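Letters A, B, C, D and E mark the chains in the order given here, with residues in each chain numbered from 1 onward.
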Amino acid sequence: MDCAVYLDGVREETDRDPETLDDTLADLTGQDFLWIGVSDPTHEEMERLGGALGLHPLAIEDTLAPHQRPRVDRFSDHLFLSLRIVSYSDDDITTSEVNICLGRHYVLTVRHGGPHLSMARHRAEMVPDRLKQGPIAAVHALVDTIVDRYEDVAAELVTDVEEVESSVFSADRTRDSARIYRLKRETLEFRHAVAPLRDPILRFAQVAEPEDLRPYFRDIGDHLQRALDAIDSIDSLLSNALNAHLAQLSVQQNEDMRKLTAGATLFAIPTAVAGIYGMNFEHMPELTWTYGYPACLAAMGGACLYVYWRFKKSGWL
Amino acid sequence: MDCAVYLDGVREETDRDPETLDDTLADLTGQDFLWIGVSDPTHEEMERLGGALGLHPLAIEDTLAPHQRPRVDRFSDHLFLSLRIVSYSDDDITTSEVNICLGRHYVLTVRHGGPHLSMARHRAEMVPDRLKQGPIAAVHALVDTIVDRYEDVAAELVTDVEEVESSVFSADRTRDSARIYRLKRETLEFRHAVAPLRDPILRFAQVAEPEDLRPYFRDIGDHLQRALDAIDSIDSLLSNALNAHLAQLSVQQNEDMRKLTAGATLFAIPTAVAGIYGMNFEHMPELTWTYGYPACLAAMGGACLYVYWRFKKSGWL
Amino acid sequence: MDCAVYLDGVREETDRDPETLDDTLADLTGQDFLWIGVSDPTHEEMERLGGALGLHPLAIEDTLAPHQRPRVDRFSDHLFLSLRIVSYSDDDITTSEVNICLGRHYVLTVRHGGPHLSMARHRAEMVPDRLKQGPIAAVHALVDTIVDRYEDVAAELVTDVEEVESSVFSADRTRDSARIYRLKRETLEFRHAVAPLRDPILRFAQVAEPEDLRPYFRDIGDHLQRALDAIDSIDSLLSNALNAHLAQLSVQQNEDMRKLTAGATLFAIPTAVAGIYGMNFEHMPELTWTYGYPACLAAMGGACLYVYWRFKKSGWL
Amino acid sequence: MDCAVYLDGVREETDRDPETLDDTLADLTGQDFLWIGVSDPTHEEMERLGGALGLHPLAIEDTLAPHQRPRVDRFSDHLFLSLRIVSYSDDDITTSEVNICLGRHYVLTVRHGGPHLSMARHRAEMVPDRLKQGPIAAVHALVDTIVDRYEDVAAELVTDVEEVESSVFSADRTRDSARIYRLKRETLEFRHAVAPLRDPILRFAQVAEPEDLRPYFRDIGDHLQRALDAIDSIDSLLSNALNAHLAQLSVQQNEDMRKLTAGATLFAIPTAVAGIYGMNFEHMPELTWTYGYPACLAAMGGACLYVYWRFKKSGWL
Amino acid sequence: MDCAVYLDGVREETDRDPETLDDTLADLTGQDFLWIGVSDPTHEEMERLGGALGLHPLAIEDTLAPHQRPRVDRFSDHLFLSLRIVSYSDDDITTSEVNICLGRHYVLTVRHGGPHLSMARHRAEMVPDRLKQGPIAAVHALVDTIVDRYEDVAAELVTDVEEVESSVFSADRTRDSARIYRLKRETLEFRHAVAPLRDPILRFAQVAEPEDLRPYFRDIGDHLQRALDAIDSIDSLLSNALNAHLAQLSVQQNEDMRKLTAGATLFAIPTAVAGIYGMNFEHMPELTWTYGYPACLAAMGGACLYVYWRFKKSGWL
């Protein structure tokens, strides 16, 4: 548990005992606030914390239960936000969950797995002027840090989509459908982490207090929209790539079939001719000619060359 | 018929005779209420019950007719809710119907097949404080229990989708289209049970009385949305899987065709050569050579080996 | 022309002469009304009827012109409704048109082909209490009868979709695309008959007078929605079935191609071997062996059996 | 330039000199109006006309520039409408443009190519009662005539779609994809001419003055909607037809491949048997039998017949 | 940096030193304004400029950061617009970014790469009457110039789509999927540059001051809509073209397979017959006939011709 009070925007260490939290809270005035960070709390820890902060039972339940849908929920005197931290490597989107409770004088972040949020805290502490505006400034720092990551991840996904494109349209026979499927699936996972957040954030940006912070939340809404645009693009590029891959496979099969046809014909000619001169008729004048054999071989070779040239010319070989 | 009065949130047995129901009802005050559970009632039973409770004729008709669309309908002094209980096993979604009538002092549940609702009742009875808030608390308990099940079913479906994925991308030749079709079909059935409920529940959450219960109905709306998100994912994964399956089939066919081509060529070479030395020309000098035969066999074998090596190298075999 | 007055909900025969209609109308008070049913009227008949009832010129035009879009249109003192009666047999949806004009003291139904509407009239006359509420009760009876049929038709369509499914996934080679196409096409026709009606009916349900009838029109709206849900399901099942059919065709082709490959190989072996022993080299020691011939046959047979076993084992045959 | 004044709904010729137009206009009172029809005007002509009528510079620019999006645009004291006249022949939708400016006392139509609008003018002049309502009645006549044509064109398109269907499902091998593509493309062009008009017309129908004309514009909106419904149907039928065509192609290929397999097998049998009896082993007892040759031929023939019968029975031939 | 003051719509050069900009600004009255054009500024330059103009920190950040989503953002006393300049060549859409800040007395354009904006400035300076209306007229000139380009680019894309169509439906075997994919991808990029701008521009057109300019911004909105319609068409034509290409590939493969079957059969006949007469039976009467050999050749040739004619007649060759 990382816990500190921010008096006039400046961090001061405080007693981390949940028992005394309500006393600490009661002492806070103006825009001063407590910032509490918890990671994978037990049920008891959350009950105690929630009791001290006066959280709604549903907010306590939701900070504990994983797989929340990203959203912003308003309880009588506090706000509940659920977000996903997204990371990407080896064609795999991984998400972890951060739930945030924002009250008059406190911010509580509850993390389930995933990377530490200290980066967001440091970023916020570097601009004490903004933290002076109260706990909502801390929420902004957290959400901003998480959403910025979405665009990075989208850019990494785009790189992999481009790899797939190259592979689909490369001259070699490649099996791209499994990777395309995989990337489509991860894009879907990514979308479920990002999409539900946009509208609540934009709605929140219209009512956030103090008013000075509204453009900052609107900016987050805009970045969410950009990430969503990128996700839409990626998804539709992947669908197109799969269709193009099917076309490539058909083209290759057509070519193979033409090669098979050409090859079969090339061998069928000497086989048929040889069969004819292998017949046992008594009266087959060519068989007794001195140059019958070489003439026959030449005719076979000539026919094959002619047919080969015809196939080449018409693009069958 | 399971029938009890809840006085100040605590269950008390009561007379189950529909004849005396209106007397019992007339005695109830404050947030006290009757909770009546009926299963597969006859037309007469429902007429009698509906008369006693003062239900609208359409509400009576709809509690009796199966295949209601999930919805929330408001009659002059009572509310009608229709929900689906969903269960899943062996790639098959099964739904049964529960219709609920909520009046000032009563809750009536009418079940058509499907599992017993006693679980929801027990769950509600364990929190008498909430049942003190009147019959709406009983409705919350029922809807909450039913909707929680949706997410479990979605998770089970996801497991089966993952099985299909493995099968599609496994190295063996698998016929996955029938199962994919089947799962898509059940997903559709699932969606029809879940989707129509979300908006009415969210609308109801905005007007429910007492106000304390609104966040609880909002929470149900959120869980419905999560189930719907999962259903959307499943549906689109299955579509992608079918397309990928088509691509896999094409890839396999291309490979088979190349094998056929390679195999045909390997046999065509000795056949053609043997045909040539089977010709009956009188003057074929090779035929009289002492080592003509072994040389010929060696040439055939060599040609075959060379062609085989070429096919191997270029990935045709 | 079927024409009667309903005084206090009870039918009384009346003079059917359009000339005297306005007199009859002028005599009606309270919720009494004229119910006129016409089928395939000529232009003149409609002009006379419309004049007597005071219909808007556009309403007269629209009752005459077939291919109206289902809708509810409000003119100054009367309402115009256009509906489709839908029937289904032999994979064919057939629709016929009913246009309804509802005034203060009259209901006019104009039918173009299709089944008789007397069923709706009888149904209405059996509940005189409801007909006491005026001509709108007659409209409810008509629309209700027509919309109930939609759900029956949807259920019949579902049966045929299930037949198609069985055929697609049956072991035999079936050509299902024509029937799937046909059913998709009829589903589209069905949707065009049903979909445009839902929103106007739901809007009408909010303003209908007397207020008591509103839940009844809301109920019709709900049944329209159910029919639409079924249509959506059918349409998407058929799309999925066509895709699955394509996959089945690919699987069958792959199997055929493997059979071709296996068969060609089985015959290519003895042909090549026989070719070799048909060569005319002078020095071919095997040819002079006493058991050369049977040994050769045995070798051919053995090779074929071995290859056959290999193909069987790997699933190619 | 076709120019006339309509005094109390009746046409009277007037001076066509744009110089004196403003004088003519200034004299008009009540619902009298000028109706000016221009076709492919030069820039100067439009500048002069626009100046005389007091058109907004953007309205002048838009009447001149082709490729306007169909729409209704409101300037301070006049309305600008842009519509497409649609015609269809030989699988080709052709559109031409009509721009209309509607002022207090004038209607100006500017046509770019396409058929003459005199039909609409004659239709309007035949109902002077309606033209008494002012220039908006002229606009109604124009838009009504143009929109009526949309439904005719849609019906012609449907006929061609039915031709395509027959071709796709005919027993002969037909190449339908080019025509399907072509029709889809023209349907798209058609939609772009029709779709953008519906909402502005329906909005206009709610505010048009005099109020008596509103049902007439609503009727146009309804006909636009019907044309759009038809366009949606056509588009989706064509998509389905293309998919069905792909399935038909696969079915045909499967049949061809089975024929190839059967044919190859039928010839492979005598070839292999003949190869065996063409071997040169010294000890091949069958060769010396008196009836060896006919027995061998009979065996070959019998095997072929048996195989042929097997293929026939199993549907491969 | 291109910097000038526009006094009563007429350009006058001014001091370009950012240090004195606030003095210059303080002197401006009425609709006079500063127009500053910057290209690829450094962080410091923007900080200084933004400070002088009183820009919001987020506006400064967004003018610097590339990859803004096209949009219109309102800060307390200035407006921020982000647009994309689009160009197209060799099947490649290239976009560059222009960010615009519009204040009471200034317009600032910040360009990242891409073509110079002087064309828009010259266009604006040619109509001093409009520039008299203040800095918003300069914004109109800029946006109008950029949006006009969108329609040109859409027209160029359409030309390439038509090239692809011809190629798909040409008689030769063409590989069109890569180009179709490429064009779809660029269309997507194009859409992302155009689509997000339409709604904010239409909203801005409703509130822009002075009111005289509103129709001009509405006109830009209309042109954006036209560009979007074209983009939708292109995208759907390309999808259809890819499907048609797949159908063409299937048709070609069917033809190739039939050619293979026909060719194989033509060669199989003489091969089988020759095999039969190559058998070494002692009693084969035909072999001793004087005209056995030519009769056999004639029979082979005749059979081949007959089969060839049959294949031709049935369209297999």
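As a convention for this text, a residue touches a chain if its C-beta (ideal position, glycine included) is under 8 Å from a C-beta of that chain, and two chains touch if they have at least 3 such contacts.
The shown structure was predicted, so the numbers you read here are calculated from the model rather than taken from an experiment.
Enquirer: How short can a chain-to-chain path be from chain C to chain E, counted in steps between touching chains?
Expert: The least step count works out to 2.
Enquirer: Taking touch as defined above, what minimum step count separates chain B and chain D?
Expert: Minimal hop count between chain B and chain D: 2.
Enquirer: Suppose you list every residue number at the chain C-chain D interface; are over half of them used by both chains (same) or under half (different)?
Expert: different
Enquirer: Using mean CA coordinates as chain centres, what's the gap between chain A and chain B in Å?
Expert: About 25 Å separates the centre of chain A from that of chain B.
Enquirer: In angstrom, rounded to a whole number, how far apart do the mean CA points of chain A and chain C lie?
Expert: 40
Enquirer: Scan chain C for residues touching two or more other chains and write them down.
Expert: 246, 250, 253, 257, 260, 264, 268, 271, 275, 278-280, 284
Enquirer: Thinking of each chain as a vertex joined to the chains it touches, would you call that graph a line, ring, star, complete, or other?
Expert: It is a ring, because the chains touch in a row that closes back on itself.
Enquirer: What order do the chains sit in around the ring if I start at chain C and move toward chain D?
Expert: Start: chain C; next: chain D; complete ring order: C, D, E, A, B.
Enquirer: Which positions of chain B touch chain C when the two form their complex?
Expert: 56, 58, 62, 67, 69, 71, 73, 75, 173, 175-178, 180-181, 184-185, 188-189, 192, 196, 242, 245-246, 249-250, 252-253, 256-257, 259-260, 263-264, 267-268, 270-271, 274-275, 277-280, 284, 286-293, 296-297, 300
Enquirer: Mind listing the chain C positions that touch chain B in their complex?
Expert: 165, 168-169, 215-216, 218-219, 222, 225-226, 229, 233, 236-237, 240-241, 243-244, 246-248, 250-251, 253-254, 257-258, 260-261, 264-265, 268-269, 271-272, 275-276, 278-284, 315
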